[in-house]
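Per-chain numbering from 1; labels A, B, C and D assigned in written order.
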Amino acid sequence: MNGTTGEGMSLSVEERKLLAEEWISQGEGKLDQVIIHVGSLCIKESQQLAKHAAAYNASGIAVISPFFFKPQSIEALTEFLKEVASAAPSIPFYYYHLPEFTGVSLNVVELLDGIEKRIPTFQGVKFTSSDLLDFGQCVHKYKDRFALLYGKDELLLSAMVLGANGAVGSTYNYIGDLCNKMLTVTERGDFNMAREHQALVQEFIGFVNRFGFGVAENKATMMLVSGIPLGPPRLPLLKCSEAKQAKILAKLKILGILT
Amino acid sequence: MNGTTGEGMSLSVEERKLLAEEWISQGEGKLDQVIIHVGSLCIKESQQLAKHAAAYNASGIAVISPFFFKPQSIEALTEFLKEVASAAPSIPFYYYHLPEFTGVSLNVVELLDGIEKRIPTFQGVKFTSSDLLDFGQCVHKYKDRFALLYGKDELLLSAMVLGANGAVGSTYNYIGDLCNKMLTVTERGDFNMAREHQALVQEFIGFVNRFGFGVAENKATMMLVSGIPLGPPRLPLLKCSEAKQAKILAKLKILGILT
Amino acid sequence: MNGTTGEGMSLSVEERKLLAEEWISQGEGKLDQVIIHVGSLCIKESQQLAKHAAAYNASGIAVISPFFFKPQSIEALTEFLKEVASAAPSIPFYYYHLPEFTGVSLNVVELLDGIEKRIPTFQGVKFTSSDLLDFGQCVHKYKDRFALLYGKDELLLSAMVLGANGAVGSTYNYIGDLCNKMLTVTERGDFNMAREHQALVQEFIGFVNRFGFGVAENKATMMLVSGIPLGPPRLPLLKCSEAKQAKILAKLKILGILT
Amino acid sequence: MNGTTGEGMSLSVEERKLLAEEWISQGEGKLDQVIIHVGSLCIKESQQLAKHAAAYNASGIAVISPFFFKPQSIEALTEFLKEVASAAPSIPFYYYHLPEFTGVSLNVVELLDGIEKRIPTFQGVKFTSSDLLDFGQCVHKYKDRFALLYGKDELLLSAMVLGANGAVGSTYNYIGDLCNKMLTVTERGDFNMAREHQALVQEFIGFVNRFGFGVAENKATMMLVSGIPLGPPRLPLLKCSEAKQAKILAKLKILGILT
């Protein structure tokens, strides 16, 4: 999914289509699901990307709120999402809630009320916000009906205890083992053990936040950990400096995440 | 404690002293602890209140950050707190972290690093912020040494799972039973049952937030539930309207909090 | 220019090209200048639009900062703008400063320092922000070298007195006469008379701001005043309600802007 | 006036009274007016200070909005101000609008509508905000009735052109000459010459803002320029560092403000 781990929003429509095709074809037989993010400031481009994803048999599509002109009400947001979803009526639709980036912080629980009547393919939410009051209400009312996937890695345990039924995040690319362990023990109700895992994640994120940690830094970290060359970020992002990389590397080693 | 449940910050120094005396004398034999909030924009008044609290045998004192002129660094905040604490060197000192009101959101975990050398009476934090990344780090590093009391009622479970060792909040005046049940089951590790209790609290707070819920509304709710006349709030707060009170009452009944 | 008067950011790349072509061809012989906004979250699309504008003999191009991933420094912003400008090296380049929409509030005066070495076609700034400290410094240092066009209609006089050498704004579509009078008297130094004109504009904008005035409302107002059918806004914007339109119309009449 | 140049809000009630007495007695025969700031989080203390100021023949009193509990409406703010003003019914009352510090940004023009019926001693506003849309409307509607004193030194010219009838600010303690020249030329309508003076002020403030300029820094600057020892600021403010002082001094010399 090209959201805030990748740089989907910095790509052209054509590039986004190519990338979607590649993920879908590479994922076949290896990944359970490939959900394509098709959000755009332009609803027509969003619809075009939605159609394309469906044609290539994506498992589903996800959409963030437009954020230059911002929807001023739940009604306006629902209307926008509905028009995109209706361009790919055969595959599941997810709302990707990302207020730190979009500035749109309309309550998700209000969006969910009655949404299946407006968007029959509605399947769930990727909820990337620290507003656990909103998230908790979503889970309580809708966890049997919708997927409620939590996206703030440093708060995952606090969301799981409220009943999140999944997680999607950036740092899982290199601290996925840690998180999987956390999810496993959480599933069997062992929140006390889960806490130890969450603490490591928090210490890492708390550390990197102090000197600025965005997509460029996350990308550099993924390279450091995986050894896979990912190339520099695209403008307006600048490459993560060597000095920052060294600090990140040192911290990963201290925490035992990298050996 | 006169913080944001009460209206301590709207009282004169003399009134605050009288109120402290009253709580301490009424609490004798009935309350485990009476901690007096002695924060003030004026450090001398804060010291005066601290001395007074100690003279009247308060169990401890708590201080929020000054918030007209704001400390610009951990160093400045520590220095301020130290000067207040040193006026009452015989009783425990708590930092009351309340960034939504003070606008001071310096990381608490950084404040705690080495604080016992600067403030020998330092005992803990009342943490009233939704920043669970900061809170989680505090708990992980310091829960054996300091009291880490969580103060956002609607996020209590999410804080408990990180290891909070206590809770202080406004709504506990009327949904305390609910919260006590939640804490009990949490203590024995039953986070799944705790979730049901937290959901009720979230539904109440989510509901009242939509039409504005501050100290005036909280006060009205306490009166509705307890039947104890508490009087109107002091200016600049206006009395909670009858219409709002009716909505709150109806919701409390629907949720089964009031019968 | 399709910025925040029009809905350029809600259009596809193809639509933006068509619109640019239309403005350029319709403007021939009628408009002094047609400057095409070519900003995009995707630098490649931005470059493509820049090339297109140059090929169609636009008078210049303008670019807002990308705002999903945001430039974290003057260096990153300059680098982004430079890459776009270099795709249309034969026509003037303008930076369009729009922090209320982009969330990028890097000081423009720092951007301008030495920019002609990085971007040889750099010609000026459309400055749509109420930060008159920044704007005043831009004007003082650079008004002989660059065009410094002010874009907050309600603060135009306050910017003119600092030496702005032009203005671009949304409401000029219907209160342009008023503004032209203001500019004329300002040019001959009669700021006292200018004040009366500015007061009318402020009363209008102050009034509409109280009930929400965005692109949809501005569009409706343009229709009301000009009689030209402009169609509904595109999602996520909803059509301005009849009730709002009636209020706007009444106010325009009271102020004598519409008769 | 002990507002944000002085540290009135960090003083105890007793200290504030002593300071008021001193200003009034020292000012006799030397200052046209001595207006005492009597704002407080506690309305009773505010009333006490108002009475005291009147008893000592202050020229007037000024009050900022309370800012721990914040007035939620014009009605609540008016009610608070009215109760303070009524404690000193014989002397003029000013509202001191300071949203950057108080977080209360209710529109002043709405406060002024009909205020003389609620507060018979109401005399004017010290308006310290960059919201020139609000200020312009205040001036247009009320400049014949109320004093509308502008308080953002770096934007003074932009406010004067709208018709401000006075100015109060911190930097006037050392760049007062510059500002007086600006006001003189402005009065005779020579806004073009005024611009040169404003530019110097903007360059100074723009420069110091980049490395943080608050009350501690302003105090150090006043000492540098006047040679009068003013002592260190009170906690939570820390003393301006030597390094910062050196930078400020160098800038004042470059700009010709200090020789």
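The criterion applied here is as follows: contacts are C-beta pairs under 8 Å (C-beta built on N, C-alpha and C of every residue); 3 or more make two chains touch, one makes a residue touch a chain.
Given the structure is predicted, the values throughout are model-derived calculations rather than measurements.
Path length between chain A and chain D in the chain contact graph, taken as the least number of steps between touching chains: 2.
Centre-to-centre separation between chain B and chain D, using Cα means, comes to 34 Å. One inter-chain figure worth recording: chain B and chain C are separated by 47 Å, centre to centre, where each centre is the mean of the chain's CA atoms.
Residues of chain C in contact with at least two other chains: none. If the chains shown are joined wherever they touch, the resulting network closes on itself as one ring, and no chain has more or fewer than two partners. Taken together, the chains touch in the following pairs: A-B, A-C, B-D, C-D. Listed in rising order, the residues of chain C touching chain D in the complex are 107, 109, 130-134, 136-137, 140, 154-155, 157-159, 161-163, 189-192, 194-195, 198-199, 202-203, 205-206, 209. On the chain D side of its complex with chain B, the touching residues are 7, 9-13, 15, 41-45, 48, 65-73, 75-77, 79-80, 83, 101, 103, 212, 214-215, 233-238.
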